[in-house]
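The same chain A turns up in both complexes below, where it pairs with chain B and then with chain C.
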Partner chain A sequence: MAYIAMATGFLLVLIGFYGALTQRNLLRMIVAFTIADSGVNIVIVAIGYMRGRTAPILDATVSAAEAVQRIIDPVPQALVLTAIVIGVGITALMLAYAYRLYERKHTLDIAKLTDLQG
Partner chain B sequence: MNALTIFAIGLGTAFLLGLLGERQKSLGYMLTLAALTFMSAVSASWLVVFAATGADSFDIFTAGTAPPFAINLRMGLIEAALTLLINLTGLFAAMHMGDALLRLGQRAMAVLIIAIMALCGIVLTRDIFNLFVFFELIVIATAGLVLLSDDDSALAAGFKYLIVSQFISALLLVGIIFAYHATGTLNIDGMAEAAAAIDPSVSGAFAIAFFLMFIAVVAELKPFPANGWALDMYEAAHPGFSAVFSAASGTAALYAVDKLLQIGGTDWLPVATGIGIVTFVGANLLALPQTNDRRLLGYSSIAQTGLILTVLGQQDIFGDDYFFIAGGLLFAHALAKAGLYWLSALVAGRTLPDWAALQSRPLLVFAFISCVAMLSGLPPFPSFYAKWELAHLLVAEGRSGLLALILFGALVEAGYLFRWFGYLIKRATPAESIACPAHQLLPIAAAVLGGWALGFVWGELSSSYFGRTNLLLTLPLFFALTFLLLDWLPAWVKNTLAIGGMVAFFSLTYAEYDPLRLIFAVIFLIGGAVTLLASYHAHGRRIGFYPAAMLMYAGMIMLIRASDSFGFFAAWELLTVGSYFLILRGKHSEPHALSYIVFSLGGAFLILAGFALAASAVPPAPTFEIAQLADLVQPVAPWVFLLLALGFMTKTAAIGVHIWLPGAHAEAETDVSPMVSGILLKAGLYGLFVLLMNMGKQSLYGVELTYVMLWIGAITALLGNLMAIFQEDAKRLLAYSSIGQMGYALFGLALMNHLGWLMALMFVINHYIYKSMLFLSVGGVAKRTGTREMFKMGGLITLMPLSFIATLIGIIAVSGVPPLSGFGGRWIFYNAILTADARLPMVLIFLSGPIAFLYLFRLIHTIFLGQLKDEHRRLKEAPFWIILPQMIYVALLMVVAVVPGMVLRHVDAYISQFFPDGALNWEGSTITSQFGYWNPVAIMIIVGVIFMLLFGWLLFVNRRAQKVKQFNFVFSAERPFRPETTHFAWNFFAPYRKAMGFLVQPFVTRFWAAVTDLLHTAADITRRLYNGNGQTYAFHFLLFVVAVFTFRMGM
Partner chain C sequence: MIKRAVALVLLLMLGGIFATLMLGYTPDSELNLTARYYAERTAADLGAANIVTAIVVTYRGLDTLGEVTVLFLSASIVGLVLASNRRPALRVRTPVGELLTTGARFLVPLILLLGVYVFVNGHLTPGGGFQGGAIIASGVLLLLLADPLRHFSHHVIATVESLAGLFYVAIGLAGLFLAGGFLDNRLWPIGTLGELFSAGAIPLIYSLIGLKVGAEFSSMLASLSETEEL
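What follows is the complex of A and B.
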């Protein structure tokens, strides 16, 4: 199960990278990056997964004493939360950029935004 | 104070700013400045604590738990220094960008504070995921702050940056999670421990995970060539922010790489070195053809970061010196780059010549050149001390190849930086003066003063740890630098101070020198003072002249006084830089000053490499004494000899590296030419003296190196003289003649016998006197006639009789005919070559004698004899202050001619300890060698009598000669297309040119032109990679990742 998730994650990363490198439209590029981000997040979660264990929540069913044997690794989950938040921030910023660029230059084509060179 | 307050204040102020209303922008701005000041104060207080007590660094735990269960931060001396740099950069950037911040409001201010806080976080944190978070914060903040710029292209630049950052963060995140998986911790130190003891079954996987983290963090350093996005940022962003991007972001990212290298271990050091050095050389080459100032600074930033990355990669051999070297380079780079970016805001135009706008502001020019010197690693800045240790440690470990690449890159960098300085000083100033608001000047002042202060700190560190000199505490340099503060005084006051200082220093120290050094000391200090008499003719303040001149003299006297290689090299660089400033003052000297500084720095780098190699061959000691050169043995000794000799011969303009001299000496100001010709050239000869005195004959692959020098000397003498005879420009003629004269001296030294050396010393003295004198008289004439072309002059003998006398005496002395001192030189010289067995070069030397006479004759004949030009009828004698030193020289020449023994017999005795055979016999007024004797007094009397007789006879037979008035002839009815072609003095030696012109074709000039062209062309082709497309840049980045991965796996 973990391997499937991880493979899916990497596949998504590759799809995202491919899209970001080949799509010339800014919005499509941003979408491609969100796909890649999701892929990375899936990979992270997949790493933390341990077969046959439960969610890392200490409550009536899982006591603190036996937590080490029963729950999966909580760290990657914490990381993924942070990564998602950061991803949202960057995506929002890129969208804002795309909006401003369209306002100023009336184009969303990355190949036309080449006024600085060399 | 707890270091966490940096974060508390940063976050707190950022939130508070969000709460302020739209109208409270000024309050917000005040809060921003206050917060950044406070953050700086926290870092500063820790820096003081660590520096004063020498305490160890300590960890700060968060969430009440120890790592790896919670994030920990570390504060130590390094962290305190780096966060102080970052916070101060942030503070001054906020000050500098005040207008833009107030326009965009509190949100922009909050973003700036967060960016600075996050940069501090990168430095402080010991948690790898925390590092990632801070990097992402910086990405967001950077993309936001780029928009502070007025430049429209900033938008596109920011987007390109975001694209590449997305790739970087994906790689970093994947790397982190797999590294965590392999080691079970996110703590950097824990990960480093776990990595060292990692299970072999997962070590391959861990290596890939580490590679991803490593390459992602390295990408933040904008490695060449995967850095198009960063360059666009540098170019388009607000210069206030570019300073942060270059100085602060670069600093933080470098420290992050250092942390990662702790995890990766020594296996990864070569990778860092490789990326670093490719970046350093590549980015510097690409900076060469840049025309936009900010983009050029961007390239230079990237290059400097690459250099520091190289140092990080070499940390295994640096031991305790690691932070001294890396820090010296880093702080110099950060302060200089911040200063230059902030300066660029004052300049309206964006091309390099637009910086000429700064000309009217001497303080800004000083700021600029201070920054350039910091970047070029010149004394007394921290980067100089760092460069010295770096070179020595690299060579000691046998990594000379790497040093060669570093020095090559540094030379290219110095080339474009000094070219830029040349534009700044020499190009036409734009009409509108520049606005200098105080809030923009303060940051610049802070950066520059910080650079000087750190120069002092590094000097102190260097003297307490390595026993070297703190250059800022040496009296001559201190004296020279005081003239910076006195530059508001009138020129004559400063001139008096300068002369007084030089004479006083000489009278205080003359007892300390041996006879050889004494001669040089007299020429440098007393000779320099005499030459300075001519400077009394200048009016006004003459801003910039005295600091430069005194820097040169300080360097020269420090050169003589230096006993260890460090002091010698520092003095060498100081005199080089000082003389460069002097030469640059000439009206048309921009290209010539550039070629001078590039050749000189190239020579200096050879000397540095030579000293480093020498120090590596003797038992380790804090300092390498110059005298220890004598202890060197095969196989190192000849290489040291070769490097040092090449370095010194660059200064004496030996053939092949002579092309800088004619322009530099000829285009210099009237009173500067004698300084750089008569005096400065002797520094190179002094170096050669020291070298030969200590190392003697050396052979490399069976070739005796002194024999090669002998040939170089002979060819230089011949070609220098030959080139001189075809000059139309009188000062150029004298300059080429210097090349020839230095060839003689080199030849004499390379003879390696008693008389050869004596003759070289005689040339040292004579050349100083007559070349200073000739340059002054020709300079005086040029000042009056307004031209240096000889065919435009003529008949000046009656109008400028004193100049005529000086020139006449000068050329008699140079040509070596009796009775003047030149003959003494020649006499010793002929004796010297009779004792040597090198016949063929001797023939060349003999040949060049009469050739010298050709050009000297022309000097007197064309300028002072013949027809007076119509427009010169009302000319007056040259100014008094230019004539006075000439008359002193005339007197000196007479004295040296009559009693050469006064000086030379002491030196003769001194040389005997190196070459006991062949000493001269000094009895009364007669000097005897094994081949004959020479009585200067008798010769003087005989020649005088013959002269008087002939002169009387000439007057007698000419008593009835009819004077032909000017215009007593006609050309023809029409005016020729090029009037000078009808003048007898134009192309005076045309027949000789026909016969020997092939020898003076500018082969060497063409060779060096081809080298620079090649570099420029290569850079121009590579530039096309940067096509401006963000996707292409992302693709570059991925290719770079693959390339580094392949390199690492192939290792």
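What follows is the complex of A and C.
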């Protein structure tokens, strides 16, 4: 299970990077980056998974005393929680910049954005 | 085509690194030292049933404050980047359809309620301030879809956001004087594990985070929607 999730995550990272490297449309590149972002999150969550254990929440079925034997690693989940939120912020920023670029140049094709070429 | 080939070669190398990582990976059969500490001590020390929440809000509370600051920064930069083109464009109302309008009227209060439920129960159930805030912002998104011309007061959003941030830091500082340190949740007795009013200041802090995140996401959505040329 952990291996399937991890392989999926790595595959998504590769797909995302492939898209970011080969696409020329800015919006498609942004989508590619969010796919890679999700892939990294899946990999981190998969690392915290442990077979036969349950979510790190104490309730009637998982008492505080037996938590060490029953729960999966909570640290990767806390990390991914942070990563997802920051990912949303980054995506919004990228979209805002892409919008401004489109407004000025009337194109989203990076091959036509040549301001920095000498 | 050369570009595509170079990209493929790069990805093949990256895939090779990933494959080696995966082949060398063996899942832990026991919790590591850090995780073990959190699993053993959370219930006794902080009284939070959701250990992830305990880590995010209290053990690593300072990092969460930083995270909320990063989110605030990106929301303000989105506002700044998109602000200068708020021109009085000809705004013609295009009908969005009866289904969407009525659906939004029916669903938005329920979505807001769900968002509040998720962040108030962040210390007991999966979820918390960030998730609840995102749900609230999705309600705002539905409102914007139903009426693209709707104008959200940036003033109100900014007030909610800054008050939530202010109280968040104030509670953190109160922890410095009344409890063990910055953002310590034991300002008052931690109560019984699993009850709504337990875990000290965690529900309060997470609710403030929920409001702040909801306001930040909403301001991003409002800024993005105001750019639309209708």
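Just so it is clear, the second predicted complex is superposed on the first by the 116 of 118 C-alpha atoms of A that agree within 3 Å, B and C clash if a C-alpha of one lies under 4 Å from a C-alpha of the other, contacts with A are read in each partner's own complex, and residues count from 1 in each chain.
Keep this in mind: contacts are C-beta pairs under 8 Å (C-beta built on N, C-alpha and C of every residue); 3 or more make two chains touch, one makes a residue touch a chain.
It should be emphasised that the depicted structure is a prediction, and the values quoted were computed from it without experimental measurement.
Asks: Contacts for A:A36 in the overlay, against chain B (first) and chain C (second): which applies, first, second, both or neither?
Replies: The answer is first: A:A36 touches chain B but not chain C.
Asks: Look at A:V75 in the shared chain and tell me whether it touches chain B only, chain C only, both, or neither; answer first, second, both or neither.
Replies: After superposing on A, A:V75 lies in contact with both chain B and chain C.
Asks: So, does A:G89 touch the first partner chain B, the second partner chain C, both, or neither?
Replies: both
Asks: Looking at A:A111 after the superposition, I want to know if it touches chain B, chain C, both of them or none. Which is it: first, second, both, neither?
Replies: first
Asks: For A:Y18, decide between first (touching chain B), second (touching chain C), both and neither.
Replies: A:Y18 contacts chain C only, not chain B.
Asks: Looking at the overlay, what does A:M50 touch: chain B (first), chain C (second), both, or neither?
Replies: second
Asks: Using the superposition on A, tell me which residues of chain A are in contact with chain B and, in the other complex, with chain C.
Replies: 13, 17, 21-22, 47, 75, 82, 86, 89-90, 93, 97, 100
Asks: Which bits of chain A are touching chain C when the two form their complex?
Replies: 2-3, 6-7, 10, 13-14, 17-18, 21-22, 47, 49-51, 55-59, 64, 67-68, 71, 73-75, 77-78, 81-82, 84-86, 88-90, 92-93, 95-97, 99-100, 103
Asks: Quick one: which bits of chain B touch chain A in the complex? Just the residue numbers, please.
Replies: Residues in contact with chain A: 129, 133, 136, 139-140, 143-144, 152-153, 155-160, 162-163, 165-167, 169-170, 173-174, 176-178, 180-181, 186, 231-232, 235-236, 290, 295, 1023-1024, 1026-1031, 1034-1035, 1038.
Asks: Touching residues of chain A toward chain B in the complex: what are they?
Replies: 13, 16-17, 20-22, 24, 26, 29, 33, 36-37, 40, 43-44, 47, 75-76, 79, 82-83, 86, 89-90, 93-94, 97-98, 100-101, 104-105, 110-111, 113-118
Asks: If we count contacts the way the header does, which residues on chain C are in touch with chain A in the complex?
Replies: Those in contact with chain A are residues 3-4, 7-8, 10-11, 14-15, 18, 21-22, 25, 27-29, 31-32, 34-36, 38-40, 42-44, 49-52, 55-56, 60, 63-64, 67, 70-71, 73-75, 77-78, 81-82, 85, 124-126, 128, 130, 134, 193-194, 213, 217, 220, 223-224, 227.
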